[in-house]
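A short write-up of the structure that comes next.
As written, the chain order gives the labels A, B, C and D, with residue 1 at the start of each chain.
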Amino acid sequence: MKHLDQEEESGVYQRAVLKNASPYHYMKVRLVLEDETSRLSAVELKQFILTGLKTLHGEVGAAINFDLLKYDEDTLTALLRVYSSGLVKLWSSLTLLGSYQNQDCAFRVHQVSPFLLALTGNSRDLQLD
Amino acid sequence: MSVDLSSTPRTLLVCERSSFQEEKNRVSTQVEQLRFNYKVSLLLPECNSLPSQLESVLDSFTSFYLIKQLPVYELLDKDFLETAVYQGNVYGLSYKTRIDEDNCVALLPNGRLCLSLDKDSFEVLGFEGKPSKFNHRTKSRFVISVDLTDRRMAPGGRGYQRLLTGLKSRLQLQTDFLLSHHPGGGASLQSLLSRCDWSEHRPQMSQRGLTELSCPAVHSCDPHSLLEWLGAVDADVTCENSSSSFLSTLACPEPKTTLSRALSVSVCGLLLPQDIQRLIDQLRCYLQQPRLESWVSLTVHGFADSPVSWGENEHGFLKGGENFYTLLMFHNHTYRLHLATGAHDACPP
Amino acid sequence: MPFSSSHVFPWPPSSSMAVFMDLNIRVDPDKSKLQRLIDTAAHLGFSTVALNYVFEPSTKKKQEIPVPTPISELIGELPVVQGRSRPIRVLNRLTVVTSDASHFRPNAAEYRRFDLLAVEPTTEKLFHAACMSYDVDIVCISVTEKLPFFFKRAPINGAVDRGVLFELSYAAAIRDSTRRRYTIANAVCLMETCKGKNVILSSAAEKALELRGPYDIINLGSLFGLSDENSKAAVSSSCRSVLLHAETRKTASGIISTSRTDQQEALQDQTDPGDEPSAKRPKHS
Amino acid sequence: MVRVKSRYLLCEVNVSDRSHLLLLDDRSVGAAVKDAVARTHGDYGAALCSVRFCVKYLNAHTGIVFLRFPKRCYKLLWSALPFITSVEMRGQKIPCFLNCLHVGGTIRTCQKFLIRYNTQQLHRMLPKCKNEEEKQQVRRSILNCSQAWGNKEELEGEGESGEDEEE
């Protein structure tokens, strides 16, 4: 591997175009509960999402491992990471989750991207007035 | 026609490596190609306070103006053309308009006016244009791209007259509008601002100090892991997870070292490519001074709802409109450049 | 020639742009619940919604077709659409659930009070009639029970040719697992024949938390056998065609009257002679 | 009628005690498949499975069963079959598993395969025959297997089979 680094160091011009190559997709989601004051811990949130996956997509769905990269318990906002092949299943199960401990709820998906960086640079968040 | 649940929309990532000393390097043209930038985020390893020269560059970012309910035909006003469009570089983008739903307007530095209109507005305007590249089945969106510096579009000319009448009395297109000018700034825009309800805005800067940050070998790390790590730093996501932890297995790419401290700086607003180029030049000087760590990273996010993204290529929004680039600069003048784009975009330059 | 600034032409039309729409929100007598529904829809980015009055005639007693309450009475202040600067547009719609041929009275006067007209047939014969002959804008596909019939190509093509669209709603799928299976099964059957064209996706939500964002529905479309692009059309451009179809349906039986104001004439001689300037005619070499 | 394409799976029910085979009927096998699909692929799978899935043919003697799936999602439904561990028959759980021998676009292509498959099994039984009389019996059944295929050709194709080629 060593010679490769040398070549990289020397600044020889290299260009590669990768198509559909990102292994993961990232989601910025927020859980809205009927009773605004109730709270979930990170573990409870992940388990709740897993039940949704299992109901909608069965054991295959439950086998999709996704990461809770970041979670703010006050706003119930989370950043999720999932293998690109599991994105549609995860997203559809979030959409069809309607109640948490017999309280109405809804997952609001703010942004989905194959790049975590894009989640911190969404121009639709620009508030000027 | 069963839909494969494991497929995701198209995405492109261009990875380039070269050196600033190589005459063929195109960084400055690539930076210049992304005209409407929403956010710049900077990562300075082993640095805990922003060096003064960098701070002054960031403070000197051109301010921009928000015009409320701008009648778009005002952009064809003679004085405005003379003071803002024909001299220097004007940057204009409709604000709070969604490229996949609403009419969007962009005024490019080379004097080109881009209107991305839905079918009805396009037909009422009555000016020639072509269907959007991202139409699906029915032609529901059309793009009109006009070079205002062209003699046919000179005030009084035939094309100018028809566009002015179309915008003024037939379509009466109105939109909130972001406007900026380089190098003239507000002065060059005075002719238009004086007739509208406007407010001046400064790009918003924020800083965040980081300590004990695990950091990958940025020279040889594979592009996606590198971009993921940079995204994690920007989003303040911890990489200290074990692969067996239930909540998250995100870990810093191996082989990794630990930075005792680092500074993450971000600026938001309508940011001009010229300002970003100045920032890059300043960063390169910063890298020449002896310092502990020999690299810095700069990420620039384009506007998700701009009618154009790279150069004059049409930009669209399917389920995401991301287009950004990350420039990793090293002490020895070499760099790694990653240009990323989503489903409805041309390939970055 | 100074141009008069008076409105010469009622444009831009906010009615028919291909913005995100949810054409089925169940109307609710409880004003605060309805206001929350409309506010949530605006917050999620829907620019146009339709309040759905459901009318299920039963042969037993004579029922009255509901009368739509004027929007201004139902909803106080129309909220601004998320990330935009214009308020949400609210229409009203009637859905007639037919289990017998007599339930749908062609061009009944009461139907004309609504902006949109939909029919939900519950038998194969009525489905065929709805697609081929009923003067409606939307044919609803049941999501609360397994369809007792298969979709034959004839009625589907008949509806497509007449510009009548099929509607699938997702709120039932959120409520419980049985209805979720029926919704997915019926949707997949429909897509088998109509290939994802001529379909709209809407909520049929009864409360705010049953609404989902447009991009969520686009992703959900994959479960129904729709591609991303078809799903996106199903919440935007196809909904626009419903609005246009409704406009033509309502004006077709009424008298169309347009009068040209003098400015229009003055304007017309100004620009190129000939008809409405259409972009198709090449202007430049 | 819209000609909707299907996929036919020719499977063999493998049981430890062959006598149990006789207890099976197509309803119970169908229920076992539906349950496995619902467990493996959840509501989504169950919904797809409720659209035109059925057990077309079950031979309780040989344990051969024909399953029909919609072409659009047969791979997904097929992926659930390995998870069947038993079939419930009148309250009694018969431990078994389904071995998928062949996937065909029509019943006919599956039939052709079945006949070739049966002939092979008979050939494999030949060396194991204890006495001459058994060997004769096996040879005779191999013969009428190939003969059976002979007159099968003239017979008009059965059911909806015939027009769709294998994938």
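Rule of thumb we're sticking to: a residue touches a chain if its C-beta (ideal position, glycine included) is under 8 Å from a C-beta of that chain, and two chains touch if they have at least 3 such contacts.
Bear in mind that the values here come from a model prediction, so they are computed numbers and not experimental data.
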item: Furthest chain, CA centroid comparison against chain A; value: D
item: Chain pair showing more contacts of the two, A-B and B-C; value: A-B
item: Chain centre separation (chain A, chain B; CA means) in Å; value: 24
item: Whole-Å gap between the CA centroids of chain B and chain D; value: 59
item: Distance between chain centroids, defined by C-alpha means - chain B, chain C (Å); value: 36
item: Chain centre separation in whole Å, for chain C relative to chain A (CA means); value: 32
item: Of all residues in chain B, the ones touching two or more other chains; value: 1-2, 5, 98, 319
item: Per-residue multi-chain contacts in chain C, two or more chains; value: 83, 177, 180, 215, 219, 222-223, 225
item: Chain D, residues touching no fewer than two other chains; value: 43-44, 72-73
item: Contact set on chain A toward chain C in their complex; value: 32, 34, 55-56, 88, 91-92, 94-98, 104-109, 112, 124
item: Chain B to chain A touching residues, read off their complex; value: 5-8, 10-19, 21-22, 24-25, 38-39, 41, 66, 68, 95, 98, 199, 201, 219-220, 223-224, 227-228, 230-232, 234-238, 241, 246-250, 268-269, 299, 301-305, 319-320, 322, 324, 326, 332-334, 340, 342, 347
item: In the complex, chain B residues that touch chain C; value: 1-3, 5, 9, 69, 96-98, 100-103, 118-129, 136-138, 140-142, 152, 159, 162, 165-166, 168-173, 176, 318-319
item: Touch list for chain D against partner chain A, complex; value: 38-45, 79
item: List of chain C residues in touch with chain B within their complex; value: 3, 7-9, 11-13, 16-20, 45, 47, 83-85, 191, 195-197, 215, 218-219, 222-223, 225-230, 232-233, 236-237, 240, 267, 270-271, 276-279, 282-284
